[in-house]
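So, here come the structures, one by one.
Both of the next two complexes hold chain A, though its partner changes from chain B to chain C.
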Partner chain A sequence: MGIFLFLIALLLFCGFASLLRIKGNNLIGIMGPIAAFAGGMPAVFTMLVSKSYIQQSINFPFPFGLCNFEFDIVSAIFMIPLLLIGMTAAFYGGCICKPEHAVPGRPIWFFFNLLMAGILLILVSANTLMFLLGWEIMSWSSFFLICTYHRKNEVRTAGIIYFIATHIGVLLIITAFLLLQGQVEDFNFSSFLIPESGIASVIFILALIGFGAKAGLVPFHVWLPEAHPAAPGYISAVLSGVMCKVGIYGIVRILLLMPEHQPWWGWILLLLGAISAVYGIILALAQQDFKRLLAYSTVENLGIISMGLGMGVLAAEYDMPDISRLFFVGSALHVINHAIFKGLLFMAAGSILNQTGEHDLNRLGGLLKRMPSTATFMLIGCAAICGLPPFNGFIGEFVIFTQGLECLTHESWYLPAAAVLMLTALGLTGGLAMVCFSKLAGIISLGEPRSRAAEDCIPVNPGLRFPLGILAGLCLCLGIFLPLLLSDFMAWKISLIFIILIVLCTGLYFWRRKLAASAHNRTGITWDCGYVGGSNRIQYTGSGLVQPLTRFFKPLMLRKKSVKIPSGIFPDKGRWSIIYDDLILDAGYRQLFDAIKNICFKLRWIQSGHLNRYILYIALVLILLLIWELL
Partner chain B sequence: MINLIFAAVILSCLMLSASSRIKTCIHIVAFQGAAVSLLPLLRHHIDWELLILALIAALVKTLILPLMLFRSMRIAGVRREVEPLISYPVSIAISLCGLSFALWLATRLQLTETTGVSHLMIAAPFFMMFTGLFLIISRTKALTGIVGYLVFENGIYLFGGVLGLEHNFIVELGILLDVLVMVFVSGVAIFHINRKFDHIDTGLLTSLSEDTVEGER
Partner chain C sequence: MNLFIVFFNVALAMLAAPLMWGITYRVKAWFAGRHGPPLLQLYYDIAKLMRRGCVYSRTTTPIFKIAPAVCLGSVLVALILMPGAGISSWFGFKGDLILLIYLLGIGRFFMVLAALDTGSPFEGMGAAREIQFAAFIEPSFILVMAVVGTSGGGLSLSSLFGGTGYHNIASTILAAGAMMMIYLVENARIPFDDPDTHLELTMIHEVMILDHSGPDLALMHYASSLKVWLYGMLVVMIALPTIGLFPFWLYWCALLVGISLVAVITGIIESAMARFALLDIPHILLGIFGMALLSLAFLLYR
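Right, the complex of A and B next:
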């Protein structure tokens, strides 16, 4: 336990030290997360092996009092993405040597360390005040990280959207904790009373919305697709891989704090998860900005995790503890795995963005030849996120899938109904994810460059490839070895099949190379097809590739189309562009906030600018309060 | 004797809300200051601290503050409140309402049983506070606002004096100093406002609010 408190202090120290104007201050900032990884991982593994529970109480000065800190298996699971992604992202960020990143006055490392310290505090605290303190630190520092490029207009908009979303969320979380707290004197989780079922449901709903806003569950996801493209790649990796998971951690913690669950809580989690997964992947499919695509895919994956949790709660309520446990295990595995491959993808996206300066998929292409290692790592990430064996995305979804099938045998009709819903959603999501990431990987790395920037780009420096390599390697290793952890569950068979698969693929690759070497080869332009006047523009575009699907799911999205038809006898240039936007953000929240704004403007006369009138308001309120008190 | 003083204070408040001349207002405030600061001497047994405090308070409230106000008046060149937001008869009516409210408060607060002071003594400070607030709200000249503030402050001081709250020498002196500085600063502010805008009409200061920053009137 002590090690984590020490690490929090260390991260804070590194954060503040990186603010000093001394030589090597950035290095200190980078060392913080790396030291945290080195110091924290052994403790996490010890915990995972021993499955025990460590508690410690520390007496803090006045507002806090005696605070409990706890480190259990749930904290340990969520600690893995934090330490791992934090470390790799810090390494990656440290190796970016483009001048625009090194401008003073952007204390990235200060906020980065603060963010990690805040999340670490959340994960180990068993005390309302400490938890909320960590939550606030996390929210604030991530806000500043998102606003790194604050000179751009859209970045500021994204920052404001995130700021509003996160603060509405924290308001609900505080309310939930206050209700859970009741009349108890101290703030430790252990002294909470068991709330009665009505109150418990209110607490659950408040916490679900509050934490769901952080986790990015639909319809509270609106900040994600704005914030992730705005932030630098490695920051997005931490936001998506770690911070969104903290939202899930909050939901799990609230479920653990309340011993008795209602079945409909499971239904709500399941429904939110299903909607998030399907809606997220459909919107991801339609995006052209690849970081936005990844952000929507985060929504999708958190939806899958949430579905697993919901099924877990439901199965526990219908007396199937073994299946319920495996649902939770599946969700936990997906938490870790998603952090790894999404971190990998975001950092790869950051590299591509740095080298080409292009946000738009349709202007890239052929990067497998120009940035071979980055593109290869990205391909591995794409394969993993689709859940393809033998990569790590497979195992979590596989466990959830198989347990969903197990649920079908239950005699009541509720659980099979839930399972059918989950299986449908998961299956649909998996299929669409395939298309979505084929599009991402195919358009970016295959074919010929579609723009000057993509044609001229050069590989990134080795320091930026190294963390990607670690994560890609982990995708493969975890894919093979994670099944072995599930001892009661056909574990070794999966690993064996994976190893056979890998051996087969490698064998096929070398065989093909041998055949190709002996044959007579001729190299030409990709997509040349023997056509003489070939142009890069005859290739598939990203939008073209997914057009049949986006057309089908058109009602779920807001389509913005702009067409300019060439006219005249000698036609000039024409253009045709189509953008799919979020229906919930544009048609839902924007309308709502516009309505609120209108009401506020109608009340504008209150603020007249007359000092006398303001004093009158104060006097009236005071007198009314006095009368109310005395009556 | 004490009741007479209280009656005088209440009457002076009524006069305050009806008088249009700022000079009269300042005179009344000076009188109230004297009454308020010397009142504790009539009620409690006198020790040195109380005596010194009362004398200093009387000095500040009856001499220094009014003199500073007269000076501001001279600087700003105003003699009377030209356009009160609320006419004088209505002001009197509202003040009477305020007096009845203060009396109602005095009966509801149930301080008479615990401390043994009469209803009138409780009502008077509340009425003073009410009048002070009323002056601030209903008059446009900044000087009258300061007068209102002083009346309000006197009311609070009187309330403390009536209840015989534990007088801490340092705290009371600190409050006095605050009031002094506030009037001083307001005097400077009035001087500057006057020079900038050629009037000290706070009603026209709306042109400084967010909406109309660009279009200076």
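Right, the complex of A and C next:
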């Protein structure tokens, strides 16, 4: 336990040291997360392997009182993405921030270390003040990281949207903690009283919205698709893989702090999760900007995790403790797995963006030939995020699915209904995720390049491939070996089947190669009905690939179409573009905030700037207070 | 014994699967008043393709060559999960029905990637339609599997035999109907896809393997026929839960006859109907989902 407090101090030290104008200050900043990984992982593994789930706690004397720090199994699970993605992202960022890219006055490593320290503080604190301190550090430092390229207009907009969203969230979280705290003198979680059910429900709702805004659950997700594309790839990896998970951690922590749950809490978590999953993946598949696509897919995956939590709460309420526990296990597995493949995909996307300068996937293509290792790792990430065996995305969804089937046999009315909802939502999400990621993988890395930038791009330097390789390797290894940890099923059979699958497919591939080698093979062009004037532009684009689905789900999205038809005797270039935007941001929040802005503008006459009028206000308030007192 | 089941399942499928193609086409020819191709035509085709060389497009990457192996490998692994003769497969476990769906997903993922790999607009179009149908059919498939898992108890494919027969006739009929529809969708048959049209633009599955040739095409055809067999097996087992009570040898004969019957029905449907309009298909797929949901509801809230 003490090691984590030491690591927080170390990260803070590395962060501040990287600000110094000395040689190698960036290196110090990079070493922080790497040292945290090396120092923290043994403690996390000890906790997970021992299976004792015993909380280790420390009381630390601060000027404002004794603060309690705790390290339990929940912290350990969320610690894995933090340390792992933090380390790989720092390594990746260290290789990318070459001197010619590093612009002075952009202290990325300071904020990066601060972000890690903040999240670490949240995960180990069992004290309201420390928790909120960590939360603020995390929110602020991530804001500055999102605004790394602050000279771009859209980055500043994204930063402001994130800033507003995160602060509305923190307001609700503080309120929830204050309600939970009640009249107790010290701020430690252990001295919380058990709230009565009405207050408990209010606390749950406040915390759900507050933490849900961080986790990116629909309809509180609007900052996420703006912020993730704005930040550099490795920062998005940390934001999506780690910071969003902290929102889930908050929800789990609140559930653990309140021993008595209501069944409808489970329903709300389930519904929010189902809506997030389906809505997230529908918007993801409609996107053209591949980092925005990944951001929406984060919404989808967090939705899956939330569905697992909701079913876990429901199953516990209907007296199925074993099944409830496995739902939580499934969600936890998905937390870890999602961090790994999403970190991989965001960093691969960052590499592709750096090499081509294109963020529209319809203008890419053929990168498997031009950036072989990056594109291969991205393909692995895409297969993993679809939950395809033998990669790691499968096992979490599998556990949630299987427990959903178990719930069907319960004799009550509600639990099977919830399970049917969950199975449907998860099934639809799985099917749509396959579309979304075959689009991402297929359009970017396969076929012919669709633009000059994609045609001329060169491979990234080896240092940037290394962290991707680690994560891709983990996708495969965890996919095969994670099932072995689940003693509740005969899950070793899954591992065995995966190994058989790999061996069989490899065997078939080599057998096929041998057959083909003995015959006469030719190379030519792709079949185009004998027409030889084909260009790369006739290929299907990403938008074309998903058009049948975007057409079907059109009511759920805001369709922005701009057409310019060539006209005149000497027609110039025509244009035709469709962008699918978020209905909730554009038709929901933007309208709401515009309305608030209008009201505020209408009330501007109050602030006239005349001193005598302000004195009148003071007098009026005093008179009102006097009347109040007299009544 | 359980390992024998795996052996029999895989051996029977590998031997007899291409025959189903022949049966369907014979039925179609009979309806059209033609003689039709020999029953063993697909065997001849595969044997011929195996000896031929390949033509590769310069656009393609190794993904194009990996895809046929993965398509065949994933279907074979899915087959080893299937139970037989009232006994579960040695590889069967609680939740294997979910793994089955995902295993079939890998083959589709790689087939779509291989189609996009050629850079051909035809194959892109086929891929777009294939994954769209697959996305809509997935919830229905999962709910049918939920019916299977809960009706027999045990939540595994072996619970296909776990039920004591038709204890809930409405649910069984609806589930079998939904499964038959899923069979038609996933195997790209009329009324969802027409594999025999003369234009590349109007095909879905067939156009995706347009650029495959030689052994690659043979593996793809073989994988497709095994997929037909696998889905046919599921249709037969859901429609006829008592098949698990048959004696060992009779079971395999009944299975063969049952799947052949499914192939005959496919032929009849293909002769009697035209393909649905492409834009209507998502709504029809939602209808199949309704069938599956109703089947589950009859089972759970009787």
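In the analysis below, the second predicted complex is superposed on the first by the 571 of 631 C-alpha atoms of A that agree within 3 Å, B and C clash if a C-alpha of one lies under 4 Å from a C-alpha of the other, contacts with A are read in each partner's own complex, and residues count from 1 in each chain.
In this section, a residue touches a chain if its C-beta (ideal position, glycine included) is under 8 Å from a C-beta of that chain, and two chains touch if they have at least 3 such contacts.
All values derive from a computational prediction rather than experimental measurement.
**Q** So in the superposed three-chain picture, is A:E260 touching just chain B, just chain C, both, or none of them (first/second/both/neither)?
**A** Touch partners of A:E260: none, neither chain B nor chain C.
**Q** Which partner does A:D594 contact after superposing on A: first (chain B), second (chain C), both, neither?
**A** A:D594: touches no partner chain.
**Q** After superposing on the shared chain, does chain C or chain B touch more chain A residues?
**A** Per-residue touch count on chain A favours C.
**Q** Between chain B and chain C, whom does A:E154 touch in the aligned arrangement: first, second, both, or neither?
**A** Touch status of A:E154: no partner.
**Q** Please indicate which partner A:T402 is in contact with in the superposed arrangement: first for chain B, second for chain C, both, or neither.
**A** second
**Q** Now for A:D319: first (chain B), second (chain C), both, or neither, which partner does it touch?
**A** Neither: A:D319 stays clear of chain B and chain C.
**Q** Just checking: does A:N612 make contact with chain B only, chain C only, both, or neither of them? Give me first, second, both or neither.
**A** first
**Q** Using the touch definition from the top, list the residues of chain B that touch chain A in their complex.
**A** Per the touch definition, chain B meets chain A at residues 85, 101, 105, 108-109, 133, 136-140, 145, 202-203, 205-212.
**Q** So in the complex, which bits of chain A are touching chain C?
**A** Result: residues 365-366, 368-369, 379, 383, 386-389, 394, 398, 401-402, 405-406, 408-409, 413, 416, 420, 423-424, 426-428, 430-432, 434-435, 438, 441-443, 445-448, 489-491, 493-494, 496-497, 500-501, 504-509, 512-513, 515-516, 519-529, 536, 538-540, 544-549, 552 of chain A touch chain C.
**Q** How about chain C: which of its residues touch chain A in the complex?
**A** By the definition above, chain C touches chain A via 50-61, 63, 65-66, 68-70, 72-74, 76-77, 80-81, 91, 93-95, 98-99, 102-103, 105-106, 108-109, 112-113, 116-125, 127-129, 131-132, 134-139, 141-143, 145-146, 149-150, 153, 155, 200, 210-211, 214-216, 219, 282, 289, 293, 296, 300-301.
**Q** Once bound in the complex, which stretches of chain A touch chain B?
**A** 607-613, 615-616, 619, 623, 626, 630
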